[in-house]
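Going by the order they are written in, the chains are A, B and C; count residues from 1 in each one.
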Amino acid sequence: MTEEVEKILKGGLEVEIVPVEGELNVGPQHPGSGHMRIFVRLNGDIIEDVDLDVGYVHRSVEKLSENRNYIHLIPLIERPAILDSIHMNMAYIMAVEKILNVDVPPRALYLRSFAAEVNRIASHLYGMGIFGVFMGHSTAFMWGFGDREVWVEILQALTGARVTNSYILPGGVRRDITPVIMEMTEKAIKYTRRKLNDWKGIFVNNPNIKARTQNVGVMTKENAIRWGAVGPNLRASGVAFDVRKAEPYAAYDKLDFEIPVYKEGDAYARTLVRIEEIEQSMKMLEQIMREIPQGNILSDRFFKQIPPIRLKKWWEGQHRIVMPGYYASFRPPKGEAFARVEAGRGELAFYVISDGTAKPYRLRMITPSYRLIKVFRELAKGSRYADLVTIYGSLDYFPPEADR
Amino acid sequence: MSSVPDFIQEIQRKINNIQIKADGTNRYSIELTEPSKIKDLAKLLQNSGFDHVISVSGVDYPEQEKLGVVYHISSYEEGKMNIVLTLKTYVTYKEPVIDSLISIWPSAWTAERETFEDYGIIFKGHDELRLFFLPEDFDGVYPLRKSFKIKTEGIFVDRRG
Amino acid sequence: MIVFPGLIFSLITLLTAIWAERKIAAKIQMRFGPYYASKRIGGYFQLIADAIKFGLAEIIVPSNSIREFFILGPILITAFAFLPMAFIPVSQIPSSGSITSPYYRFFFDKFAGISLYQPIITPYSLLFIIAVASVVPILTVMTAWASNNRFSLISAIREGILTVAYDTLIIIALISMGIEYHTLDIASIVKTGVPGIIANPIAAFVFFVALLMGTARFPFDVAEADTELVTGAFTEYSGLLFVLSMAGPYLLTFVYSLVFATVFLGGWLPLMGIPGAILTVIKALIILFFSVFMRSVYGRYRIDQILRGGWKYFFPAALLALIIGMIGGIFL
């Protein structure tokens, strides 16, 4: 004891900094992990390394798709991201249509864009809700899910299902829009515009949320491109890329919209991009409702296949497409196609190889969350432990979508 | 079918044994017969503005005992955003080895690792070739090869006696 | 015979606080909150049902924990969170005219010159409250260590770091009041008739912030951050022990709210007797409800942000409160 005192008197007080290192298994059973395990190596409060143990919700879409008919695959393919299922469905159908070489009537294209934008709003609200509760902001969580409800109701009225809509068919869509749905959409737009102001008050401009998100998880433009970020996360890092602009599909070449781009690349910028995209989507919805052309909603090539009894019962009565059973086993010609769409979380791509049979020879599904795995890993390195969930939420990483 | 733009045709002049063709609007496929040259080709493509990989897919051809490796490459540069290049090459069952492109495009990391576990294609130079989505007992089995058959269980219905 | 209804009263307060927290949050978040257990009174019995459910659940003690401390932890936390109530005067006993007047002599505080609803009469009640309440975080750290879980451990470290920050604020804020009123007896402070929030508003503000920090209320919920640390120090708990571990922080919030109501908001004045006690409790409940209401407005800050705020802004503010207390002491 006295020796220590002497030592301190001689050499001054020295504080020995002991590195506190340890490993932490965040998940798979953890409120902040989702369906995966985040293997975190901590040094004090700083994350040294992160390993994502994904695959807990792997549905084996790529293998199963080699054993199912093209049409039977639709419900499987939209399962990975049930809250973004219109986009999953659409990208797959676009790839199949390229192989089949079908032309889609303009009204069906508009309806595809309509459903996709409704779905995008719902997906963004869901993402922001999860992001909010990751930072302990329970109001954002409840509002996100509550405000999403009106959009999900519209999807239900349009497609018959709240999620996993299976709305889009090769050559068109299954159901037509009605004046009731348009009225619902107008109401929903009005409501969401009002609510977005409240969102800005309680969430976006909240000093607490700003402090938690600004300068957290900063991704520079170069890193965003290197790591392969997509969607709103890429646009928040200053890359003005959106598949809807770069390679317009559905009715996007006829719609006026802007893509919000921020340079900061932090979690806050990613949130702002999402908020502004909701506004842009609502603008597009208004335009679609104004300009939607009259006409059929299914390509004539397939429309002719519907037997007259069905046409009378479903098409003339309720404006629904009900295809005959043999439609499900069509055989596309040999060939391959690559199609991509801008899903809620980013670029979604399908690569389909057909060998002339009723089943795909190979189907490759690249989802936005799949491409975020690398981004998440790299961004989390060097951040504080409390920021792990902020980065996770701000990327809007969705494990089932990544696992497929 | 549109014609192949100049900057892609230029590549053909620099590297032998490749076939370039257009596969529809803004889709070009480059087929490389010598997989060992994939890195040189990737560097050339990177220099001409293709800065990220959308996907890496494996394709199994059991009759020819070979595996296809397909890279989908695109760009965030103005004017090239709508182009998707399909870079195809083949490796044999006996020697399923190819150079990894993560040193050129780190965005291929996830997809290369997945292609490794699904097809057993070894990407030389990849830093973490471990199982990814699959559980640990899948080691040595390549589920996306055609030889891997899905076990169907049938439908079980409880019947009251 | 003196019936000491404190425990039942605390239980009811606790349930009311949790119920109010859920109801207020539900109102803001466009939902109903607790509802089905008793529709007429807004689902109040839901909390009792929950308590019964937890009370009857099995208590699981992890095999690699320190068994004795693991079980003792939540019990001691609740006990020490409850104990400071013994030093808080809720109201003044009138010398005649009230049903409690016969006890006038038993609870006469000769330092303040009045008789009080205060179980233990002492001239150092502020000091005792600080002393007893500051044991709670130490017990939390002990609990976390005993439960041998990494999330608990991180929570304990956060709690430990945070304790230093907020205890300083609480002590300085209360000491500045003590200096201003020349006494450490809460009854004497109330008796002056000048509420502390007028005499020293900065001390009141600092105390309120420290109250939020000290009892893990939002936005300072870092030690129990559920998306990061599951349930913080109480991750491994279940059943009745979990109820106790939940109850402890709420009780502590209520204790600090009572201190706030008496020291800063004038306590039972201008009433006395039982109406005065009700007034004090209403004031404390307002503070309590306000502190739980923060949940629906804020997320949680990061630990480094809280520490920076605590030491860089609130600590100087606390020192300023001390100076104001010294100056104000001349006039009071």
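Keep in mind that, in the parts below, a contact is a pair of C-beta atoms (placed from the backbone, for glycine too) under 8 Å apart; a residue touches a chain by one contact, two chains touch by 3 or more.
All values reported here derive from a predicted model rather than from experimental measurement.
Ranked by how close its mean Cα position lies to the mean of all protein Cα atoms, the top chain is A.
Ranking every chain by how far its Cα centroid lies from the centroid of chain B, the top place goes to C. Computed from the mean C-alpha positions, the centre of chain B lies at a distance of 61 Å from the centre of chain C. Here the CA centre of chain A is 44 Å from the CA centre of chain C. We define each chain's centre as the mean of its Cα atoms; on that basis chain A and chain B are separated by 24 Å. Contact with two or more other chains is made by no residue of chain B. Contacts from chain A toward chain C in the complex involve residues 22, 24, 30-32, 45, 132-143, 146, 202, 206, 208-209, 211-212, 384-389. In the complex of the two chains, the chain A residues touching chain B come out as 54-55, 58, 60, 62-64, 66-67, 98, 225-228, 234, 239, 241, 245-247, 336-338, 340, 347, 349, 351, 353, 361-362, 364, 366, 370-371, 373-374, 403. Contact residues on chain C toward chain A in their complex (touch as defined above): 25, 28-31, 150-151, 154, 218-219, 221-222, 225-228, 230, 295-305. Across the complex, chain B meets chain A through its residues 23-24, 26-27, 51-55, 57, 59-60, 70, 72, 76, 81-82, 84, 86, 105-111, 118, 132-135, 143-144, 146, 148, 150.
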